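Structures incoming, each one as structure tokens.
Paired with chain B in one complex and with chain C in the other, chain A is shared by the two complexes that follow.
Up next, the complex of A and B:
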């Protein structure tokens, strides 16, 4: 979702409705300079809509149906899936694996997105304001690099970093033989995801901080306020909207991130089985497509809720 | 160190203030040092190991050699996967570019009722129906369409996810292009496809380039979609092969992995530098997995 998307521009009534008015105003307002016309315009739009319809909208709607069947990858239920009603959902509520995964995802999102990426991203953006040009260039390049490199490369680099015998981390900390991914699996994928995603928060907070009136900062500093007080009384009130935006987008993306799978595969056991990994393992490895679809739908609904809150926040920002 | 309300600064106060400033400065440098270490340490290996005569997991100053790239060139499997990534990225990019250009142009020039609502709804959908959230229905759909294990499946699914945002961005560009050229072209009897090709496309080129680069970057590193939709190893793009290189049994071939990961990373870094220089960096969600 574009970070700048304005969201509530509904088409304004009479302008769009057909009627005698339209014909009159058409001559003056008509932007159709190439003489496309409705029919050809529809033909231009149709291919894109078909593709979006088949590969984006339809799968989302289809989960509604798949989730109430016992569809399996192989075996009898693969040939003739049966309708099982809400069983998949009811089972989920009492399923330790599902509930465990949900609470792990919660920890993962809070730890890596909110406490990790946002706080680190903001702190970097704040400190880089007063840093020299070279320092700023070095730090920002490194943070961005961690963001743009392909996920499977980054996962491999972290395997090298955390390796038990020759890992760079053990070498530096002098903790020879520590198997980070086995002993601290959740902490590892949280750190990994902070590494991978902080760039977004950093970029957005940098531009947000640039919008804070320098005069207010100057006044606060002259009157002897300490950094924490300046942040609390001057900076945060000014960038409240940005903070909310970053919070919701980063939460949405982190909730949907699959890359920890590349590092741990969900293991050891189920200790890093966050929600996306659970769906993958359950549906595509074990073959329980029906249950997987039910979980998919739960995930889409959670996404929808986060996105709707985001839209609401944007709208309120516009009105104030 | 509390702030005191003494009216005049005393010597003691000055000293406390000085200490505090010094401590603050030290703390800041320590923190920045930590940040640099955190983000640089994992990446160091990517820069040193590919050129090391005996690449190991342990970080070391490389004894320079290009032999690891020789190993890569001799491995048909690895090299083919990079080629597969090129095909999948360019294929998706081409579809997204053509369809988004057509749709955004039409939506920009002709008033369709409910147009804006449609655009925003699609955008919202592409943000919530991510590859991760929809992997099960996508998997079943592709199976039912008998497209499993084809590039076409990967390309279509990726394109479907990227199109809403692409149309949205491009429509903005189209809205801002002047319409007078199209009018004159029309006076001279050009058809609307001709106008699109010879008048609109050249004007909207910066927007199209942005979408092209953005599309390639999104697809190039994507792991999940090809991972679940492709079966035969010789079809795998680099993102999936990279994963199989270090997960599938035995001692990983470090000469191969190091050279491969570097070569696989270079295109996105170059594209990033290009975009950053030309347009400044903007970012969008879409299918991110």
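Up next, the complex of A and C:
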């Protein structure tokens, strides 16, 4: 994802940032605005390029290479992996486990990121605008706490909460013996991830809402608009950019999130085997590193596509 | 002390040059002359010629998994070994890398360590069935190649060939075996009495196990039978569940003579039908427990609290899990309450070789890391940990069948362990130490999981068949 944002914006970048020079911009800009000269400019950029190359481009290419081998964690294929061409990719696209995992991942992303974290985050941010200072402090601290605690700690808390035998939830609801993680596995990890990540949406929406001009809100209210109408006609148009940003980040994060594994280990069966969990199980538990690499590359591509779509929408919005 | 240190430096210098020479002479050692071991050295002894540091890994950790082993290593074995070496003038520091992970995760960790050319010098908790795949991956090497003197160890004479085989691959020793084990049906005699079952119980067929389970089902809040199933239990499903049942139908998972694997055969279906009988409509077992991420540990806890009537396990359960001194699921009244019986074949005489009773055995041990900077000292540590004195100390309160005959003669006075040694080992079977086995094992776990979650045995067997074809190829399967 990080590679695309610079490349995608590069063509328009100089024009955007060169605000004061906009009048000249009808003509082609001098590409060497800073007067550094090609050599010195390259020297400045080189360290960043090397870092990107070593930590981003090389691993991606390496993954591409591993994905066309039958490399394994142990056994003969660990010592001498063989080239298998596109077999891993063809396997993936015809494999029920892969396709099942993909659709589960989308359910998970839509449920926990878009419907969950964003809606809940916005709701809290909206309600907290009119809440008292103490109330606001308490709520925000609690939400933030769920965010900043290490995922392993949170996972442990949730295991205790959902435990089948002495779980807190069963005690509260009086549903003794309900194995939440087995009977409602996807719902459980969605709830877990909403709990875990709502803070980010809340924070971003809070600052976004602060940027909505009070005069517009006041005018709307004076003309008798109800909350829904205010949201639709005043708030959302003002914070559309923020919504898209939150959407992009939260979608990508959730798509790549691995922590549900701490709760269910991908089970029961494969019911919570979202994409990162599938790759972990394949590559490290079954030792099929080659297939794992191929699946990872497919995942990178999906990430890129999501990022591209969002960025395109974002740019079109800026242009209008 | 000073003298020792000087001598230590001298020895270290000699050792180091010997290593360099060895590295020149032997390609296998030249892969990675410098691994991660150097870093801890410098940290511990920044301003001195560092003593030799040896790391020892075990899947054991104080206060958790195999706590007795961890305590013994940290409190007595390491100090004693360090003293012994110091007396010889070599200053050695042994660092213990404990772990309390599931066996599969532990294996992954070791494989990753070794694949990068690093890893602990001595790796314990190494299951015998991993030897083949690790050797083929070039992660481990025959002891003789890493440290030629290892063949001269007097301990080898005390370890039976069959047990050495556990840690060997293609006729070469890769490690020192730690011992072997056997599987039985444990049962809670108090629950049996309540259910009107005999306290001295020995079923002679699967049907009798199911009958006992039905009797136990009348008791409130008791799961009659815990038969490991599903992928969450990992190898425990295969080893304690599927395979003991399969050999009870007269079939081996791998036919050594023909070189073929057991496909969706009638025997395979018989085993899956037994799973269906346990986890199907009658619910003689708890299907959810098989799917929980921590299901095996929970089953241990429930058994120790008298909530499970029968449980099929290895002697590990007795020694380490419900041992009154254990940290996992201690049972104060273990010796009074828990009984054990041999696992019957499906019907009398139906087992492999026409046996009435069957079991499965395995065993692990310790291997020497080929990347070690100090194979000589690391080997000394392995030798020391498997010396009679060390084993007596380790197993004084926690007896097990070690790999050494001289030790077993004196050590085994526990009824349960003697039972395993005398009754179970003669009728037991071993898993094939082949590269494909772990993948086949996962396919078997998936087949049991399918049945536990309600798929019919025939469909589960068919799924298994197609998974197996993907692993070993259709030509290598017997139907």
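Everything below uses one rule, namely that the second predicted complex is superposed on the first by the 250 of 320 C-alpha atoms of A that agree within 3 Å, B and C clash if a C-alpha of one lies under 4 Å from a C-alpha of the other, contacts with A are read in each partner's own complex, and residues count from 1 in each chain.
In this text, contacts are C-beta pairs under 8 Å (C-beta built on N, C-alpha and C of every residue); 3 or more make two chains touch, one makes a residue touch a chain.
Model, not experiment: these values are computed from the prediction.
**Q** So in the superposed three-chain picture, is A:219 touching just chain B, just chain C, both, or none of them (first/second/both/neither)?
**A** Once the two structures are laid over each other on A, A:219 reaches no partner at all.
**Q** Give one of first, second, both or neither to describe whether A:59 is in contact with chain B, with chain C, with both, or with none.
**A** The answer is first: A:59 touches chain B but not chain C.
**Q** On the A-aligned overlay, A:200 touches which partner chain: chain B = first, chain C = second, or both, or neither?
**A** The first partner, chain B, only.
**Q** Hey, is it chain B or chain C that touches more of chain A?
**A** Partner touching more chain A residues in the overlay: B.
**Q** Applying the document's definition of touch, where does A:284 land relative to chain B and chain C: first, second, both, or neither?
**A** In the superposition, A:284 contacts both chain B and chain C.
**Q** After the superposition on A, what does A:249 contact: first (chain B), second (chain C), both or neither?
**A** Only chain B is touched by A:249; chain C is not.
**Q** Would you check which partner chain A:74 touches, where first means chain B only, second means chain C only, and both and neither mean what they say?
**A** Second partner only.
**Q** Just to be sure I read the superposition right, which of the two partners does A:153 touch: chain B = first, chain C = second, or both, or neither?
**A** first
**Q** Just which bits of chain A does chain B share with chain C as contact spots?
**A** 165, 265, 284.
**Q** Touching chain A in the complex: which residues of chain B?
**A** Result: residues 3, 24, 28, 31-32, 35-36, 38-46, 56-59, 95, 99-100, 102-103, 105-117, 120, 122-141, 156-157, 159-161, 163-165, 167-169, 179-180, 182-183, 185-186, 192, 195-196, 199-200, 217, 220-221, 223-224, 228, 238-240, 242-243, 246-247, 257, 261, 264-265, 268-269, 272, 281-285, 288-289 of chain B touch chain A.
**Q** List the residues on chain A that touch chain C in their complex, please.
**A** My answer: residues 72-76, 78-79, 164-165, 179, 181-182, 263-265, 267-269, 284-287.
**Q** Within their complex, state which residues of chain C touch chain A.
**A** 104, 108, 111-112, 115, 130, 132-134, 136-139, 230-232, 288, 291-293, 298, 435, 438-439, 442, 449, 453
**Q** So in the complex, the part of chain A that touches chain B is made up of which residues?
**A** These residues of chain A touch chain B: 1-3, 5, 7, 9-11, 15-18, 31-38, 40-42, 44-45, 47-49, 51-52, 54-60, 62-63, 66, 71, 120, 123-124, 127, 131, 135, 138-139, 142-146, 148-161, 163, 165-169, 171-172, 195, 200, 203, 224, 226-227, 249, 252-253, 256-259, 262, 265, 276, 279-280, 283-284, 289, 292-293, 295-296, 299-300, 303-304, 307, 311.
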